[in-house]
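Below you'll find the structures, each written out as structure tokens.
Both of the next two complexes hold subunit A, though its partner changes from subunit B to subunit C.
Now for the complex of A and B:
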């Protein structure tokens, strides 16, 4: 579990690099990522083919920021079970035929299921790229400039910070349990209640102490903080290019148009 | 100056944690609070910063009484370093943790930066500026946690078990650092050698009451007293 904890934070370690993507203004990167995700989500449930060009944005950012693809893919896989769970009903309920491949009939449900997976992949990878190219404190600063309430920003920062602590706590408890239960594989169901309960109580205790530490340092007062760096023309251009091209892909079916073109001019 | 007059502190479940405790610490001096587990050391520290308020008796920090009405003033004068640095380092980067207090004080970002950089340099941890606390060693976390309070420049600093979880070298560094902190200090500790090296006064607590108070040289070598208070006297002078 310790290595899993290190893995969670290893992505953010990449944010200290100095590539052209890392140098972009954090607010611009945040807006671009949010805009891109909104456009991805707005595609229709069967728009798998028109959505394919959307893959350019994360691919180009990944290359320019020198982010290892394997690292991102591994984290993307963590979201996969949730998407599978959400999309499984499409397979069952939407049984109309979309097209046939030889004797194989592909259902609309399968098509929408793949679309959902693709949307999830693009959204998750966009968020991961944002984290890999922007320090968390800069993302918090950008959220502040978007006038997101202080309470939400503090919660965001603390959640990020304490996920690791909570996992370490759970890992120590699990190790202590395993060392005294040689015969068992993992935590048996009978003990799970008290294990989770203990973890909850410990988390509650810790939360109490953290809140005391915050109060003793003047919380709650408006956190003015965060350097007010201005966005340059280059940053604005980046925003226009990414969101502009994404909107074009959204409203013009580029793969469909290309298909029609090929059919018309190439016999 | 810090003055506690016959304070009694109880927990919400009515358990009495401290009873009739009195002491005085002059400006710039250091007081070690020693005692076995459950003696009330941490409770006394929490009472000094107003997290727990005395049921009876009074605490004064520079003639300001610790009370609900004066909490803001008290907390601007007294900074507390917690036993577990993970409780104190809650921001994503060490820089933000050190900046948290000054930002809450409403200082400009330039002033905050100046304070944080000064503190990082003073504590020799400038290289930790952009690191997450999760990636620091126990010793580094402890120093950074002290930094989070030093940036607020309080008149009084209270430390809860500052040498716990530290290896000998980190502990030695910490003792050096505590010696260089000019503020009035109150240190709750089991580490009697640390108390001897950093404090001019000692208050021994046992079962929530004052068992003895005086100079470290008078008390910490007294085997009878130490045994009575479930502590281990320092062997050689």
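Now for the complex of A and C:
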């Protein structure tokens, strides 16, 4: 359980670095990521090959932001099962042959299955990169720019902060439970009510203490904590380059064209 | 139950996002009207964090050896009320999407709708609250919890099926997908409902004030049946409208035509090769959407491999670019005397 707690904040630790990607305007990064995902998702269900150039964006951002590949790929793997499950149906049901590779026939379903997985990879890695290069206070700042109410932003930041604390509490309770129960994995269903209920009561009592502490410090005062950063020309350029190139990849089949070019020389 | 970005079309993702954003704005304004709103915020935040902690606790399901964890939507609704619990769950889902790669940015709208709007704004006021009107006894708590959790999860699973089908990314027929999702979520719902009931009963026996705070002062109904019904109707019309909008759209047709135009305009300069290339272009332009390739199934094996080589090369190129960039960056960091980092 301790490792789980560490895992949560591992991405955030990366966000404190200072690279060219980290320096970009948070709102621009948010818009770029969302735009990129929308373009990725808009590819047709068999467009695996035209979609390949899209891999440039995460790869370049990962390199520029010095984000370790292993950590992100591990997170990506966690997100895949549901897509795998939904995609398997394509494998089974869409059996028309797409093309043949020698004597091997590749089915359309296999193609759409791979396309789906590739889409999943691209969309997940984009979100992870956004978070790994943007501190949570900057994300909150971007939300403020989007005119999201203060109440919601405060809620977002506070919830995130308290996850670690409550997990710590839950893990010490679980340790105590394990010590009292002999070689038993997990918590017996019968004990779930009192166990989680206990955690809940402790949490609510904590909330009461937090509220009192906040009140003593002058809450609710209007919050002006966010640095009002203006988007520079560089930020806008980043947005135009990423989304522009993605749109070009979306509508021009670059690998296909490359292939034609090669075929011209190797008949 | 989390939808992923890859399973959605932009139209479905964005319109569900708009619906959920509307529900969130409504909830914020409702909470602000509440006199105790500033007290609610830390409570909601801790409750949201509590969901993460509670999901970390795995319980063993007797006689099966498998384990699971709770979702917590109805639990929060019972303790915080409809609107606050909905906002709390939205925040939980946003954090899950951002930091845990659970769900996705574009899929947030769908996830907030399936797991937030449905349990907190529909099932809670329409099922849970009426059942609790007779006072918070253990019997009522159990009945209300199990029933609302089951209904909430069934509707949520239905939402997943509808959104996936409308997006048209998978081949799964609607009915088969439905037959797969609903029974699984019935089982999950029953287990979660029982646990939710047990937790609420425990909290009620230890600290009745926490449960009563939300359920007893319901002298003025927060959301009347009529209003809830109207809300449901609006949601139905909205989703229905979006679905039909999508049905008449053929983005692939657009893609296909642009592809062709762009593809054939590529090689006009070379007159001699033009005719020969034109034939190959025809075939390769077919490739992005393999539907077409399938129609003339007897396509020549060699040429129909189009794009594979180009695709592989692109991958390689991207990899090399990334590798070179990180090498370059590392060298620069090492070169700087203090190695600031």
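Before moving on, here are some points about what is shown:
By our rule, the second predicted complex is superposed on the first by the 185 of 267 C-alpha atoms of A that agree within 3 Å, B and C clash if a C-alpha of one lies under 4 Å from a C-alpha of the other, contacts with A are read in each partner's own complex, and residues count from 1 in each chain.
Assume a residue touches a chain if its C-beta (ideal position, glycine included) is under 8 Å from a C-beta of that chain, and two chains touch if they have at least 3 such contacts.
The model shown is predicted, which means the values in this text are computed figures rather than measured ones.
Contacts of A:16 after superposition: subunit B is touched, whereas subunit C is not reached. Among subunit B and subunit C, the chain that touches a larger number of residues in subunit A is C.
By the touch criterion defined above, A:214 reaches both subunit B and subunit C. In the superposed model, A:140 makes contact with subunit B only, not with subunit C. Contact with both subunit B and subunit C is seen for A:206 once the two complexes are overlaid on the shared chain.
Once the two complexes are overlaid on the shared chain, A:244 sits clear of subunit B and of subunit C alike.
Once the two complexes are overlaid on the shared chain, A:160 sits against subunit B and subunit C alike.
Within subunit A, the residues touching subunit B in one complex and subunit C in the other are 12, 158, 160-162, 165, 206, 210, 214-215, 219-220. By the touch rule above, subunit C contacts subunit A in their complex via residues 2-10, 13-14, 24-25, 28, 31-32, 37-39, 41-50, 52-54, 56-62, 67, 70, 75, 79, 87-88, 91-92, 94-95, 97-102, 104-106, 164, 168-173, 176-177, 191, 194-195, 197-203, 206-207, 210, 251-252, 255, 258-259, 262-263, 266-267, 273, 277, 280-281, 284-285, 287-291, 293-294, 297, 299, 301, 303-311, 313-315, 317-319, 321-323, 325-326, 329, 341. Subunit B contributes residues 46, 49, 51, 75-76, 79-80, 82, 84, 86-93, 95-96, 99-101, 103-106, 108-109, 112, 130, 132-135, 148-149, 152 to its touches with subunit A in the complex. Note for the complex: subunit A touches subunit C at residues 1, 4, 8, 11-12, 17, 19, 33-34, 37-38, 40-42, 44-50, 52-53, 55-56, 59-60, 62-64, 66, 75-76, 78-79, 82-83, 86-87, 89-90, 92-94, 96-102, 108-109, 111-112, 116-117, 119-120, 123-124, 126-128, 130-131, 139, 149, 151-152, 154-156, 158-163, 165-167, 169-171, 174, 185-189, 191-201, 203-204, 206-208, 210-211, 214-215, 219-220, 250-260, 262-264. Within the complex formed with subunit B, the subunit A residues making contact are 5, 9, 12, 16, 135-137, 140, 157-158, 160-162, 164-165, 206, 209-210, 212-228.
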